[in-house]
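Data first, discussion second: the structure below is written as structure tokens.
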Amino acid sequence: MAQLKPPLLVINFKAYSQSSGKKGLELAKVAEDISKETGVTIAVAPQLTDLAFIAQNVEIPVLSQHVDNVNPGAHTGHVTLEAIKDAGAVGTLLNHSEKRVRIDIIDDIVKKARKLDLVTLVCANTAEVSAAIAALNPNMIAIEPPELIGTGISVSKAKPEIVTRTVELVRKVNREVIILTGAGITTGEDVEKALELGTSGVLVASGIVKAKDWRKAIFELIKPMMK
Amino acid sequence: MAQLKPPLLVINFKAYSQSSGKKGLELAKVAEDISKETGVTIAVAPQLTDLAFIAQNVEIPVLSQHVDNVNPGAHTGHVTLEAIKDAGAVGTLLNHSEKRVRIDIIDDIVKKARKLDLVTLVCANTAEVSAAIAALNPNMIAIEPPELIGTGISVSKAKPEIVTRTVELVRKVNREVIILTGAGITTGEDVEKALELGTSGVLVASGIVKAKDWRKAIFELIKPMMK
Amino acid sequence: MAQLKPPLLVINFKAYSQSSGKKGLELAKVAEDISKETGVTIAVAPQLTDLAFIAQNVEIPVLSQHVDNVNPGAHTGHVTLEAIKDAGAVGTLLNHSEKRVRIDIIDDIVKKARKLDLVTLVCANTAEVSAAIAALNPNMIAIEPPELIGTGISVSKAKPEIVTRTVELVRKVNREVIILTGAGITTGEDVEKALELGTSGVLVASGIVKAKDWRKAIFELIKPMMK
Amino acid sequence: MAQLKPPLLVINFKAYSQSSGKKGLELAKVAEDISKETGVTIAVAPQLTDLAFIAQNVEIPVLSQHVDNVNPGAHTGHVTLEAIKDAGAVGTLLNHSEKRVRIDIIDDIVKKARKLDLVTLVCANTAEVSAAIAALNPNMIAIEPPELIGTGISVSKAKPEIVTRTVELVRKVNREVIILTGAGITTGEDVEKALELGTSGVLVASGIVKAKDWRKAIFELIKPMMK
């Protein structure tokens, strides 16, 4: 977790054409440059097929977008925790609204990841689900109301009460887990609000990946983290 | 398809620890060397997380182990056909017994892959399923009775009638699709039998990946293809 | 199959509130009355939870909407072929566009159902998928382009070429399977066209279930079958 | 919840051939008779296909074994909360180890069930998952280590520390949820131990369904509840 010191920005490349293959590596390089310049923690979650390709070529923390709950072995088409580690990732996103996971599998993966010194960032769609996930002890939780994902309407500004209630319910169950805000984050003000509401950073995708100028978009978002 | 001229050997890396990350690249390099030395077509299907890492570093055909049926976009944790192409792959395995796929999705992916000039190698567990898949017009079909996968007992020797019947049923439906034999292939004799039974090559995983000497194991299998 | 003599009308109750519980039984009774009056084969596919409740109380053929690929045993929440038989059903729908199934599972279920003297009616979304399913030898196939389901725009009138091409591709693979037309069927003319195009009946849901007058709606559809 | 006053015995019929169709109704009738004779709460969870058939014919509480997360409508092969209510059930099991469910879906179903006055009994495989589920506020939780299910080795005797730890972690999160013990329960002593460890009853399947004498098997288990 040393590499993921909050406040932090996590960039999810999703399956966008703008972040695929060599373009994905380029985006990761821009993030790396800015992180070095500013000292702000920036992690990237490249497309699965680019994971080793990018992780072997940048020094900022790289996360997988998902892992499957299988051990190394005869599992064609599956992604293991061990494989993402061999690829050079420091951990993984899990249970994103676009790739939800069974509750017992989250429990299994969080426990296995801890043994392998890999970080888990588990997404949640409601305050209650955030609290449920907190009971499973991941390293980080991102609260992301799915109805706002990709809209450019940030949860921290449009529905701050969801973030506040998430922080409240999570803290009853787990005092240590790092909480991030996701969904609709596009401006520095969105990030500032997310930090004010008691979360330690943001999980962003389209707001950066689809921006015309990646450098400018990233700087806009990390400004409140540089104070 | 020019790159995948039969007879051919396809090596599926599965999720084995022996074929992950840098070890996966090393195995792909061995396959590349042998293919160049002998002229036999050898394709590799690395772990998803290593796809671009390996495809950017070898010149033999690289296949994905699986793709999801989504277009580029907001699909965290999914693998698109476009992403495997950007990664440098020439196509994909599909419907492996460890990663089965819905019938309508095979239809969709085969059609999309063709438009993108990507090759599809679709696995089948029975002669009837092979014929069904043949009706969907993929480039290649591999018949792999799941009960023999990983056993070292080859379908071509232990159950030749499955291969024969597969060829017969498939040819009623589709005269062009390339048929490969999979499951339990470990010796040159297994491969020889597979070619005799009317298939154009083999799909192999543990027989090579878990071998102590990759070079020796690959040479053993391609001997009958060099005649 | 004696009970399912074409031409036939299959009514899929789906999960509509209009066809649930006692209302479902009432609809099945209306279908039974009309079938007895007219001699036209009408089968019903009630909601899973009502299967035995309805099958024990009507004499027309009752189909399940889906089955899972497990044998009787420790499978909480699963529906077995044996259970639908014990419930009184004569067979099952499978692979409806709202409940798609893996290709190997269709193969398994068709084979098991045949041994248990249960009928399989497998849905397909395209002509190619219809041909693929035909290679698996179910008793019946229903071609249902999903984009027309529930629209009231019938495939037989709006896209007759899909039905024609389905019949053509299926017949190359399988001469015996009964082909039904589905999606958007609401008028007798839609049914008449479906029969003209070479199919043996229709699979209907909303066109009947959501009709204000079930009796009238069923009579409208079977008129062309009474000629 | 009035109908489900603890201590209680919940009998899961699973997909056993012994509890299917008319045999299922017979088993439910035996449970009903004993509940009336003794005053002990006994609930039954019949096979999905028998739900209305059984619920319409007994007066003890009937639960579904599973529900899908869809509203009434065009969802062929799905089971809605509304359909189980129309069938006569008072609620549903959810997330059984044989039918695990995504965490966000448990959250959705628990919330919807509450609005429909339906009871939720959510299964968990570990103490941590039990706590996570407790954060979602179902009516009941059953702790069932999957490795003991169907073994005849009861968790309450073989691994009492799992039950104790579950009660402890759940109570930190939720003071009201009823906790049941499951997995391997076959004797009155197993049940007695389950009550001593702080849970309010048991969830049993094979221990009763596969018993030669259902009446005797049920009496054996409820003895400790009659004190």
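In this document, chain identifiers A, B, C and D correspond to the written order of the chains, with residue numbering beginning at 1 in each.
Methods note: a residue touches a chain if its C-beta (ideal position, glycine included) is under 8 Å from a C-beta of that chain, and two chains touch if they have at least 3 such contacts.
Just so you know, these numbers come straight off a predicted model, no measurement behind them.
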Lowest number of touching-chain links that must be crossed from chain B to chain D: 2
From chain A, the most remote chain by mean C-alpha position: C
Chain A and chain D: spacing of chain centres that average the CA atoms, whole Å: 37
Chain centre separation in whole Å, for chain B relative to chain A (CA means): 33
Distance between chain centroids, defined by C-alpha means - chain A, chain C (Å): 45
Residues of chain C engaged with two or more neighbouring chains: 97
Touch-based graph of the chains, sorted into line, ring, star, complete or other: ring
Touch relationships between chains, expressed as pairs: A-B, A-D, B-C, C-D
Residues of chain A touching chain B in the complex: 12, 14-17, 20-23, 45, 47-54, 56, 64-66, 70, 72-80, 82-84, 86-89, 93, 96-99, 149-150, 205-206
Complex interface listing, chain D residues touching chain A: 95, 97, 100-107, 124-126, 128-129, 131-137, 169, 172-173
